[in-house]
Amino acid sequence: MCLAVPGRVMEIEEREGTRMARVDFGGVVKDVCLEYLPDLREGEYAIVHVGFALQRLDEESARRTLDLFAELGLLQEEFGDAWEAAEERRQ
Amino acid sequence: MCLAVPGRVMEIEEREGTRMARVDFGGVVKDVCLEYLPDLREGEYAIVHVGFALQRLDEESARRTLDLFAELGLLQEEFGDAWEAAEERRQ
Amino acid sequence: MKYLEEFQNPELAGRLLADIRATVTRPWALMEVCGGQTHSIIRHGIDQLLPEEVELIHGPGCPVCVTPLEMIDRALAIAARPEVIFCSFGDMLRVPGSERDLFRVRGEGGDVRVVYSPLDALRIAQENPQREVVFFGIGFETTAPPNAMTVYQAKKLGIRNFSLLVSHVRVPPAIEAIMRSPDCRVQGFLAAGHVCSVMGIDEYPELAARHRVPIVVTGFEPLDILEGIRRTVRQLERGEHVVDNAYPRAVRPEGNPAAKAMLADVFEVTDRAWRGIGVIPASGWRLSPRYRDQDAEHRFPVSDITPCEPAQCRSGEVLQGQLKPSECEAFGTVCTPRTPLGATMVSSEGACAAYYLYRRLSGPASVSGPASGSVSGPASGSVSGSVSGSQEVSTVA
Amino acid sequence: MKYLEEFQNPELAGRLLADIRATVTRPWALMEVCGGQTHSIIRHGIDQLLPEEVELIHGPGCPVCVTPLEMIDRALAIAARPEVIFCSFGDMLRVPGSERDLFRVRGEGGDVRVVYSPLDALRIAQENPQREVVFFGIGFETTAPPNAMTVYQAKKLGIRNFSLLVSHVRVPPAIEAIMRSPDCRVQGFLAAGHVCSVMGIDEYPELAARHRVPIVVTGFEPLDILEGIRRTVRQLERGEHVVDNAYPRAVRPEGNPAAKAMLADVFEVTDRAWRGIGVIPASGWRLSPRYRDQDAEHRFPVSDITPCEPAQCRSGEVLQGQLKPSECEAFGTVCTPRTPLGATMVSSEGACAAYYLYRRLSGPASVSGPASGSVSGPASGSVSGSVSGSQEVSTVA
Amino acid sequence: MREATGAVGSAPDFSGWSCPLPLRDHPRVVMGHGGGGALSAELVQHVFAPAFGGPVLAGLGDSAAVTLGGARIAFSTDSFVVRPLFFPGGSIGDLAVNGTVNDLAMSGAKAAYLSCGFILEEGVETAVVARVAQALGAAARAAGVEVVTGDTKVVEAGHGDGVYLNTAGIGQIPAGVDIRPQRAVPGDVVIVSGDLGVHGIAVMSVREGLEFDVEIESDCAALGGLVETMLAVTPELHVLRDPTRGGLGAALNEIAAAAGVGVVIQERAIPVPAPVASACALLGLDPLYVANEGKLVAFVPREHADAVLDAMLAHPLGARAAVIGECVADHPGMVVSRTGLGGTRVVDLPVGEQLPRIC
Amino acid sequence: MREATGAVGSAPDFSGWSCPLPLRDHPRVVMGHGGGGALSAELVQHVFAPAFGGPVLAGLGDSAAVTLGGARIAFSTDSFVVRPLFFPGGSIGDLAVNGTVNDLAMSGAKAAYLSCGFILEEGVETAVVARVAQALGAAARAAGVEVVTGDTKVVEAGHGDGVYLNTAGIGQIPAGVDIRPQRAVPGDVVIVSGDLGVHGIAVMSVREGLEFDVEIESDCAALGGLVETMLAVTPELHVLRDPTRGGLGAALNEIAAAAGVGVVIQERAIPVPAPVASACALLGLDPLYVANEGKLVAFVPREHADAVLDAMLAHPLGARAAVIGECVADHPGMVVSRTGLGGTRVVDLPVGEQLPRIC
């Protein structure tokens, strides 16, 4: 289920009484309905599914997650680049 | 107006309460409505227009007409074949 | 007897022509009323075989040519409606309305279908109960009975989604109008054989007598046409003016009583406009009150469509034999067979189209005037002998 | 921060994998509930990078796979109606009903359109007032709010020719059903991140506690999935069984209150059949009475369509991790990706389709049995390591 | 070969461009633009020729003669959109082969290889596609030509009509042969290879809404062998043309216009079988404008005419060949028919396709 | 050339014939039959190949190599049914030229002459037809190919989609060049000429119901010059393919199947521009299956790979060329991708066309 992708809100406007926005998905811009995130603002990111913004993306939380991954460095030397590691195992 | 052609009645049948016939137009056979010639019989010829038989063709009268034409023979020698005659006039 | 080849025999044609030649002593202008006869005359080159004295004027008996502009525009408006399947004989598809034709309406999304018979349109209505099927009921007394029968059948079978856009016209009032015209040059009529197959000949004796003009009921094969001409010329030379039946194998004096009864039931006589000519009293039919709800003009809001004919087009005068096509300013410039302004330029047997073709044939020397060579007179649509004329013109091979 | 490439970083993936390797001490069977996660796992080859001890079981979280046969057949029947424009997400077009799929209905004249968003279907309804527009409302808690909003808008805007064929399903009852199954092998769940973006995590603690099973809310990028696995394995190794949120940037504990309110207005919970599995109590949504007249099942006479699944297809057992696809008799013979019998053979990430592909890759030596080489266990849908297996097989170049 | 005049990838600028066709007359395409008559010619003249440029296309023949790797090659294409797909005596598959084989034959080339592009409408029965393909394959074998490359596209239901087909073909032009419409000269004898209008009437007889019974079948055939026979008499044939869409009338008009000559035909010399004449009478059509497929018209120098006619009469596909007229210096660009009664009529280029008439 | 095996005019008998395609599966044509994937292949294999016969078609390349008048000639056709007719960076007219020019280039031939068949829908604006023709003419000039013969048909409104186009093309194959899918051998290096998916995403961005803004334009281009450059390095190129419908995934699968080899590609080596990747993420598409027009994939013997890549990088149409994988003896007929994380996935032949997914 649920191919949902992060997008950045560009311009917001009312259309037929509905809150809509132009949302940028890494160079691709599409119309998205903001009714479920009424306080989403321009410049913010949200998860978008079938044309609807469903949840605001939280940058601080994302950074914390990535920092955590970076700290899992214990066995880094053993693996190095994951692709090369896989390659080695295959030989 | 009125591209109407002679056809010979082949089979007659009722269809949805309408008197219809297969009519042969010199090797081409098409369905024709006979409602306007209710006593037309198989083997007879009629003038047909947009799928309707409109008038029975009278063979005796046709023959009489052709006979009349044939008797207009006075100047036949002068003309001979009409096409050739026209050709000559053109030279 | 096949009733076809027998009446195309070149040898008998020669005898008829010889008889006409032997009979004629001075110029006569005859009008063949019917477009089908015009077609046959051009198709077989009959006009070029006649003695110079006999001039043929193409009459207004082409339903394509005389259907008035407002009716074409109504047809176009109805045909453009999304719920409508608009059915028509093929003839009408290229006839120009004020701004376009049925072909173009189809190109723009209209569902326009060519049918062979009005019964085909009725079948389409049965097969498409959710659509409105409209049949374009054009034509003279020959085509009116088939269309009447179709309306009658639709009512009988309870087919509610079928209606008729009626533009039927009647021949005798047209003959009357032509004879009444002050500029009238017509001295004899070839009456339309198939119209008389249906209607009989009752309506003509009074006309012939009152206007002192011979009326000869004429068929459509080459020999029939020559015989019609021969009999008309003979009357004219003798100073007679009676109704004569030169097409007895298909025309009985009483016509077709069943068809006439159906016409009387389904239609009622009405005044009708003829394209380029104007309104002729009692010259058409409309649906009678019993069938009024099958009238497409009542079913769709088109009655207020009343366009003006292009002022440039003088096809009315052409149709009445009062003007040569080449005397029309639009002729050959804005109006060509590819871009017709008037219906007389649409079909190749239309007077303007025929004139255009033969002028091309007669070569550049005659571009600015009437056809060169042996054109038999100043009448419109009269195009005899221009082939021989072309030989006098030097050409670029 | 783009929230995308950052979570696909190969180096960080290596660290997460290393941590999982360092943590795991014995075999664990994890189910990723969501089809989107399955897609991501196969797309990135994650299953092949995991230590042998970690087995991934593809869960029933693919709306394409679980939409019951009768609902597909109803969709096909509605889509075939001439007055209907049937709109659907692209996923559903190749899903087989009893006898055909939506592609074939379109080939037979049905007006079937793929839309990106249910709002597109609503726009089509506005543009085609004379047609009935039906949208196929499939999906889990993520897709239900967009569809609910569309129904709400249709009512608000008075768009009467729009209706929804509802086949929405809910995740928590499915987890409950899987855990209750006597053959259940699942020891931990990766919960569907985007479902929780909407619904929050309230429904899961009770499930985790009662079934003593860790439930880790997991995202969709490779790092997200590895992190979900890492946290689940960590709980399992420690003997814990709590709800953990590994996707906090997109999942708040309370979910999306506006969306949940709309769901409560437009839908009501109902029992629903899952394809291959059977009816799961309270596992779905239908339109609430206020919106009943926008229910396509009420608008069109399809409720009596209740077909039997092909007896041959055992996708239900496959979906619950109880059967390997290759143990199904139809597998690879009558049932192939080109000719799927069950939905799990339709999309390339369906358990049966994935298994079929990797079996081909592993070469002729293993045609008659489960995948050769380092397949990590007997679980269905688990296809790791078969590339290296293929190198042991001599091939015809 | 023409020099490349634009940079690769440079986008043409349409903003300032206006259509050279008088848009007042035809802002939209109508059926007649595909009828092989005057509207078709206008489209080529006003839209395609200026857009494509190139001296070869300007030749406007049914096929182009080009040189490639030292070989003189005839190259031609046609698309086929006939309704219905199957008709008495043939199918769209037969037409697709014979149409292109014949266009090549009309330049004197024997067709060697065909390409074949299918545009299928979503929903057409696979069995129908297979029947078309079988017919196409059989026709290719019969014509001695090989289908060597192809393409298939599917369009959404409601955007096609079951099967549309395109074929293109190539064949070598024998040395010393130069057959083109421009080569007609006054004095040439005009010969047709047999009965006219048979194919068109056979197709019409099964067209939806027009159905009638008629005891004829399409004479659709590949004319490569007949042309070989004629070339064996003399390589000095001036013009060959298969009078397909628009019929003999359109073909003669095109030749007259291309060569700047007049054509005079004798109506009663034109072989029109009785059922064709009858069907035309019934529908108000002119047999001169009815489509053929499997017939040709040849402009032959007078000194070779008898021998060429004899060779045609001896070939199964020319058994009813006949001299029907001649090429003249008069009325250049026009075709005139001497009618059976000795009158004259102009045989004009039809505007679009013929429709059943009532008048 | 193949011997004629049937009498001229003999009608094939279909009464006893049954469709060789398993009709249970596809009694009717679906969109996927035109998608360039498995369904397309089945149609060729089960319907067209047996119907047409002939050894050349069986080669199943994008074009056929034939001999005519002593010349080795590549011959190819494609029909174009793209919606909409105009899209960012090009139009159906550009595609019609470049598609066929490129199919010829994929056999090493420089396109010399094109045919062009228009199937117009009644009602399409004449100005639109003219714009398409202008684009086609401009693309032909840019590619150095001449449009020498054409055909126009008009179909009734509701039986077409504005403009369908077919082109066929011929060009001479240089001596010593033999480029075919069958020639791939283990050890060959797989090179793509640049960014993938650009054309397909550009067209999708303006497709009705899917509209999105994206800062890319179709890269539609004629590849004849690039191929000439590559052949100048060595005539020993094994396979060239323009990965159009079905994308790189379909092209590689076809080559693997034709040559009976395996293909391994490195996902992170494949040049996919960010907007293409983003659009694919949004719609649930795989860039490997998105159509290209103006890109090629080459199988080059290892010893020439560096030199060929250098030559490509020096050409404007190969500036972003890259080695993406290799041909292997393992898993014959299959294409395997090493993912960015070091995993493996099978790149299967797509069944039909890709559709936007939600799951």
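By written order: A, B, C, D, E and F. Residues from 1 in each chain.
Keep in mind that, in the parts below, a contact is a pair of C-beta atoms (placed from the backbone, for glycine too) under 8 Å apart; a residue touches a chain by one contact, two chains touch by 3 or more.
Bear in mind the structure is a predicted one, so any value in this text is a computation, not a measurement.
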{"item": "Both-way neighbours, i.e. chains that touch subunit F and touch subunit E", "value": "C, D"}
{"item": "Set of chains whose contacts include both subunit F and subunit A", "value": "D"}
{"item": "Interface with the most contact pairs, given as the two chains involved", "value": "E-F"}
{"item": "Remotest chain, subunit D as reference, centres from CA atoms", "value": "B"}
{"item": "Centroid comparison with subunit A (C-alpha atoms), farthest chain", "value": "B"}
{"item": "For subunit C placed onto subunit D, the superposition rotation in degrees, Cα atoms, nearest 5", "value": "180"}
{"item": "Separation of subunit D from subunit E, taking each centre as the mean of its C-alpha atoms, in whole Å", "value": "57"}
{"item": "Subunit B and subunit C, separation of their C-alpha mean positions in angstrom", "value": "21"}
{"item": "Computed distance of Cα centres, subunit B from subunit A, in Å", "value": "83"}
{"item": "Distance from the mean Cα position of subunit E to that of subunit A, given in whole angstrom", "value": "61"}
{"item": "Residues of subunit B whose C-beta touches two or more other chains", "value": "1-3, 5, 26, 49-50, 81-83, 85-86"}
{"item": "Shared-contact residues (touching 2 or more other chains) in subunit D", "value": "4, 10, 13, 35-36, 48-49, 62-63, 89, 106-108, 116, 120, 139, 143, 387"}
{"item": "Multi-partner residues of subunit F (each touching 2 or more other chains)", "value": "28-32, 122-124, 156, 268, 281, 284, 338, 340-343, 357-359"}
{"item": "Of subunit E, residues touching subunit F in the complex", "value": "1-12, 14, 17, 19-21, 23, 26-35, 40, 43-44, 47-48, 51-54, 56-57, 61-64, 66, 68-73, 75-81, 89-90, 112-113, 115-127, 129-131, 133-138, 140-156, 158-161, 164, 166, 168, 170-172, 219-222, 225, 294, 316-317"}
{"item": "Residue ranges of subunit D touching subunit F (in the complex, touch as defined)", "value": "4, 8, 10, 13, 35-36, 39, 42-49, 62-64, 89-91, 93-94, 103-104, 106-108, 113-116, 120, 139, 143, 222, 337-339, 347-348, 357-358, 360-361, 363, 387, 390-391, 395-397"}
{"item": "In the complex with subunit A, residue positions of subunit F that touch it", "value": "205, 211-216, 268, 274-275, 277-279, 281-282, 284, 338, 340-343, 357-359"}
{"item": "Interface residues, subunit A side, partner subunit F - complex", "value": "1-3, 5, 22, 25-30, 49-50, 81-87"}
{"item": "Subunit D - residues contacting subunit A, complex", "value": "1-4, 6-7, 9-19, 21-22, 34-36, 48-49, 61-63, 89, 116-120, 139-140, 142-143, 145-146, 149, 153, 156-157, 192-195, 197-198, 220, 223, 227, 248-252, 255-256, 258-259, 262, 387-388"}
